[in-house]
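These are the structures in question, set out in turn.
Same chain, two partners: subunit A is paired with subunit B first, then with subunit C.
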Partner chain A sequence: MSAHAQSRAPAALIERLRTAHRESWSLGDLVGVAAAWAAGLALCAIAAAIVIYMMVQGLQYLSISEMFSHPLPGLDQSQSGGFLDPILGTVVLTILSTLLAAPIGIGIAVWLTEYGKPSGLARAVESGVEVVAGTPSIVLAIFGLLVFQEGFLSFLSYEATDGVAFGRSFFAAAAMMSLIALPLIVGATREAMNGIPRHVREASYALGKDRASTIRRVLLPASRRGIGTGVALGMGRIVGDTAIVFILLGASLRLESQGDIPGLQVLQGTGSTLTTYVYNNSPAGEGGSPDKAYAAAFVLLAIVIVLNFGIDLITRGKGPSWTRA
Partner chain B sequence: MAAPGTQPEQDPDRTDRRVELGLGALSAAVLLLISFMIVFVFAKAWPSFAANGLAWFGPGGDIGDQLTAIFNSPADPEDYVYELRAWPLLYATALITGISVLLATVLSVLSAIFIVEFAPGWIASLLQPVVRLLAAVPSVIYGLIGVLVLVPFFGNHLITPEQKESVQYVIQLDGSSILAGVLVLTVMITPIMVAITVDALRSVPRNWMEGAAALGVNRFRALRTVGIRAARPAIVAAAILATARALGEAIMLSMVTGSIAFAPNPLDGLVFFFEPAKTFASEIVDCAEGLSVKPFGETMYAFAAILLISSAFLSFCGWYARRSMRKYTLQAR
Partner chain C sequence: MDPRLSPPPPVRRIAAGGAPTVAQAPPAATNGHVPNAARAKNPKRLPRTETTPVERMRTEELSIAYGEKLAVNQVSISVGQGEVLALIGPSGCGKTTLLRSLNRLVDLTPTAARGGRILLDGEDVDSFDVTQLRRRVGMLFQQPNPFPMSIFDNVAYGLRERGSKKPSRRELEPAVFEALHRAGLFEEVRDNLDHPALALSGGQQQRLCIARSLAVRPEVLLLDEPCSALDPLSTATIEETIVALRDEVAIVIVTHNLQQAQRVADRVAFMYLGDLIEYGEVDQVFTSPVAERTREYVSGGFG
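Then we have the complex of A and B:
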């Protein structure tokens, strides 16, 4: 784009006449250009339609009291209460999963870029992360159920029958959610760390630092931006995922606490998030309250847009520059 | 000075070793978990495959009835029912994924051409956040719009009463259809492909394009013959990524394509696209409550195993496509 703008700047008209004379636009080319325009504008139109439609429908049915009242088991839309619990569920689940995924993801990325020995294991880890990235979240969800129903993990949910755990809790859902975010965090962190030139590391070694403190003091701070992007992308995926919440969080109407350790009991219990709330209130789920679904979907979309905006802010600023003066 | 000086020098070396071992162990643990996932799912799925043999993939009977029979099978492990012919699900998964990836490929290559070459500056810079937003919208919102807007529209306006009558003894047409699923899925996966294709087109060396232009070719022809051809591996990689996404899409499709596992018949003509269908992933979502019934759960894990093996195969293909791109010194991002 920029090169064209430059060449058009000095004698734009002459240039255009000359190229117009020489280039021959066959009918097929013109159709192709028209199709390209149509495709590009269609993308804009679809995005605008979704945002505007959700805004109109959402704001129409959304009320502040709904966002701060608990859902009620009413059949009628006017009696089913608000969606405070799903909002809390989304927040708790996102924070818990990010707290799990970020350290693990950054650790794996650091190991892959800075150590990576034995190289066979490194290749295997790389392809493992790739496999997780491609695995549908519904598969992760029912795998999680398989794992967390094991009796010895019942402290993460609760014991349903003898030796079999219930397997559905915030812990279980967050553990599987962190697998969704993991490839994004690993990818972004690796890209950022690979972008740091060798001489920066060598300068740190020359000052007598070993690799561990170079990573902690130089490389990680320098790749903050990439890590932030990866984590934000991962959070976007976690907020938007339905399948894992649907199967592993129990999709109960309210946050149902389990156990008796204060603070942990919520995490051992079941709940729902905005995504399952929307799903259950849509005609596809059992509840037939599309108004509530629209309102909750609007809140969900707003969260996603804010996260996107955050990514924009992170990537827009200038990173450290490594060129030698 | 010497004695205290050597002490800290040895210590960092040991912390370094410890950090390396710790991070390596962490990576190995995650790898172990992933391998566990594959082994566990396949082990759990095995009874269903073993009981049916290759007929598992074949057609025959009503899959809804078969699943009900499996769900209601007697409590005695000796009498578990496993009989299943998963062809309608396999067929619907392949059909919906195939058509939407095809549509999305065309749409994304065209919009990538538009963004790189033809869009005025402000539209091009507007399209970047637009594409990112479309990629980030949760699937349940797409599903909600699909089920509350597209499906009623199809049911009330596009499908004529004659069409409904023509298949009324086989299936009920209410708008939940392949077409709705394909349309929404295309919108969902196109943005993923656009981002990758734009990156690849931008990384085509400038002098290649200038060489084409110097031969008197117009901008579109230069892009089509040189740019797209050079970016082909990236487009393939993008299509593979999009296929993986489409295969695993569960919630949106279970909302939009109807809740009947049915193999649409292409001989029905246009009505074909209005017939409901169900993919593996959405079948798992719809049957989530029955997972604790042992033979039924094992059947669900068999569906998951199919998804897992196809997504693993797809990531292998993606890796291969990216490797062949590196050969032409084009960077995949």
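Then we have the complex of A and C:
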């Protein structure tokens, strides 16, 4: 009985406090809260609408055979084949770009947080990262085309005419794509490393370790989650970018190998990704196969959702106790 | 009654005679500013063997400045193996700066400048390679800070990468186990050596940090308020460990907790605004201080 009475009293008290609270709110606060609620719910509704609509449209036209067959040059939807090559293109381009961006981005972040001298250079690097982050990808793509058409870089694509390189290849696209992921990786890594208190570094120095082994054995492992988040966010951006693929990966729907270095032929060659495939097949592009555009768009969306899920997995749980203090 | 309001539970202590007795733990809430009433009961010194200290480390006219601000002013002090030296004084008196200069951690602060000499076994610390010096002068920090790796790897951290040859786990095991034993942690973690160190409790983490420092066999151990983030029970364990280690390692401890200084220290140095005001045996400093400042501080007059 007494336990029951005890549990009832606070409940009544809480209820009274709650209503008293509400009564005292001004009209402006009520409107604000209502607007915040509405905005949150609207966002959920929009996200759900996108996913559900793409699911309905995509799954309707998606078939396993499409995902494992090459695109064909047929004009009719029934003869235009599948989108195996765009899927492979997305995977290859994402991996290659990440392999380029991750070490460079982590390196920049480590240098900025642990060295950062001279400070003028550090500020210049910071602004450089910000400029790259703010540059539209179509500008990066055009710039990349200029660079990779230089004759001496023809080994990254292939030689066209008069010593000018073709300038479009997985290498060229990945190089520019890595610039899209770079600021995200730098930012997330820096944030993680700045979150490590000074005394943790000093504890390593106090054991007679130099800065290099402190970074390698303590600071980078302690920043794993931040680095992972940055890399996954960067991959999401790479998967979703269209402009760079459109301009720098060539216009071939299929993976077209180039050059004669075994193993690198695919990377020297051209291809497409899901984003350009969707664009080309939708009514906005050539409009040949809207059904397949929907199916490919759904696959693309699924990849991005899986990546976001991966980020959630990485950031779940608690970090080291000293990063929470 | 709200359990948070009740006095802390008594802590078991091993008395000098050998029979376990019960002593009151220091109240957690005082945070070093011990009220007069509590200090009246002179806290029990932890039992120790009587040894004649062998001098390991000495400062001569040591001065340290951060930019224009003088943090340590011509301090001459020594600490030997077989004794615990406590540095006490109000916040900003330079005691932590002095401690951090002993393993040249102050050198990491770009604005810091140093005058005078610091000697380890009669040799100027500037003549050592800094990594060698820091292996001989270990340090423990306010916050327990195990590295994000396993318990074993934390203790082995200082032993690895010493040369081009990487020692195997089998080679490292004796040293790691011994360090864990000396830090009084081995029994608690013997079955979990591969578990992440960050999963340990705060007190265990701090003892792991002690083991990590001991593994490289330092001659001097610097403790920067090692118990300020710990509960009274963990504090008592760490204090017992400190006293047990003093025969093998010269120990310097910075503390805001005057009772802690009385419990663990053999000698006490009282600093105020960068000056060394008083330096002597623990009983003398706390019961019959020479300087008026010291008398005021140890009786709670300021600080």
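Here is the rule we use: the second predicted complex is superposed on the first by the 285 of 325 C-alpha atoms of A that agree within 3 Å, B and C clash if a C-alpha of one lies under 4 Å from a C-alpha of the other, contacts with A are read in each partner's own complex, and residues count from 1 in each chain.
Going forward, a residue touches a chain if its C-beta (ideal position, glycine included) is under 8 Å from a C-beta of that chain, and two chains touch if they have at least 3 such contacts.
Because the structure is predicted, anything quoted here is derived from the model rather than measured.
Superposition of the two complexes onto subunit A shows subunit B and subunit C fitting side by side, with no clash.
Which of subunit B and subunit C touches more residues of subunit A is settled by the count: it is B.
In the superposition on chain A, contact is made by A:36 with subunit B only, not with subunit C.
Using C-alpha centres, the superposed arrangement gives subunit A a vertex angle toward subunit B and subunit C of 110 degrees, stated as a multiple of 10.
Touch criterion met: A:131 reaches subunit B, while subunit C stays clear of it. Once the two complexes are laid over each other on the shared chain, residue contacts for A:53 go to subunit B alone; subunit C is not touched.
When the two structures are aligned on the shared chain, A:64 is found in touch with neither subunit B nor subunit C.
Of the two partner chains, subunit B is the only one that A:111 touches; subunit C does not reach it. When the two complexes are overlaid on their common chain A, residue A:27 makes contact with neither subunit B nor subunit C.
Of the two partner chains placed around the shared chain by superposition, subunit B is the only one that A:139 touches, whereas subunit C remains out of contact. Contact with subunit B, but none with subunit C, is seen for A:275 once the two complexes are overlaid on the shared chain.
Looking at the shared chain after the overlay, A:213 reaches both subunit B and subunit C. Superposing the two structures on chain A brings subunit B to within 6 Å of subunit C, judged by their nearest Cα atoms.
Put simply, subunit A uses residues 209-210, 213 to touch subunit B in one complex and subunit C in the other. Those residues of subunit B that touch subunit A in the complex are listed here as 12-13, 15-16, 18-20, 22-24, 26-28, 30-31, 34-38, 40-41, 44, 107-108, 110-111, 113-119, 121, 123-124, 126-127, 129-134, 136-141, 143-145, 147-149, 187, 190-191, 194, 206, 216-221, 224, 241, 244, 247-251, 254-255, 259, 281, 284-285, 288, 291, 300-301, 304, 307-308, 311-312, 314-315, 318-319. Per the touch definition, subunit A reaches subunit B in the complex via residues 1, 3, 5, 22-25, 29, 32-33, 35-40, 42-44, 46-47, 50-51, 53-54, 104, 107-108, 110-112, 115, 121-122, 124-125, 127-140, 142-143, 145-147, 182, 209-213, 215, 236, 239-243, 246-247, 275, 278-279, 282-284, 290, 293-294, 297, 300-301, 304-305, 307-308, 311-312.
Looking at the complex, you find that subunit A touches subunit C at residues 197, 199-200, 202-210, 213, 217-218, 221-222, 224, 320-322, 325.
For subunit C in complex with subunit A, the touching residues are 103, 105, 108, 131-135, 138-139, 141-145, 147-149, 157-158, 161, 198, 202, 205, 209, 212-213, 216.
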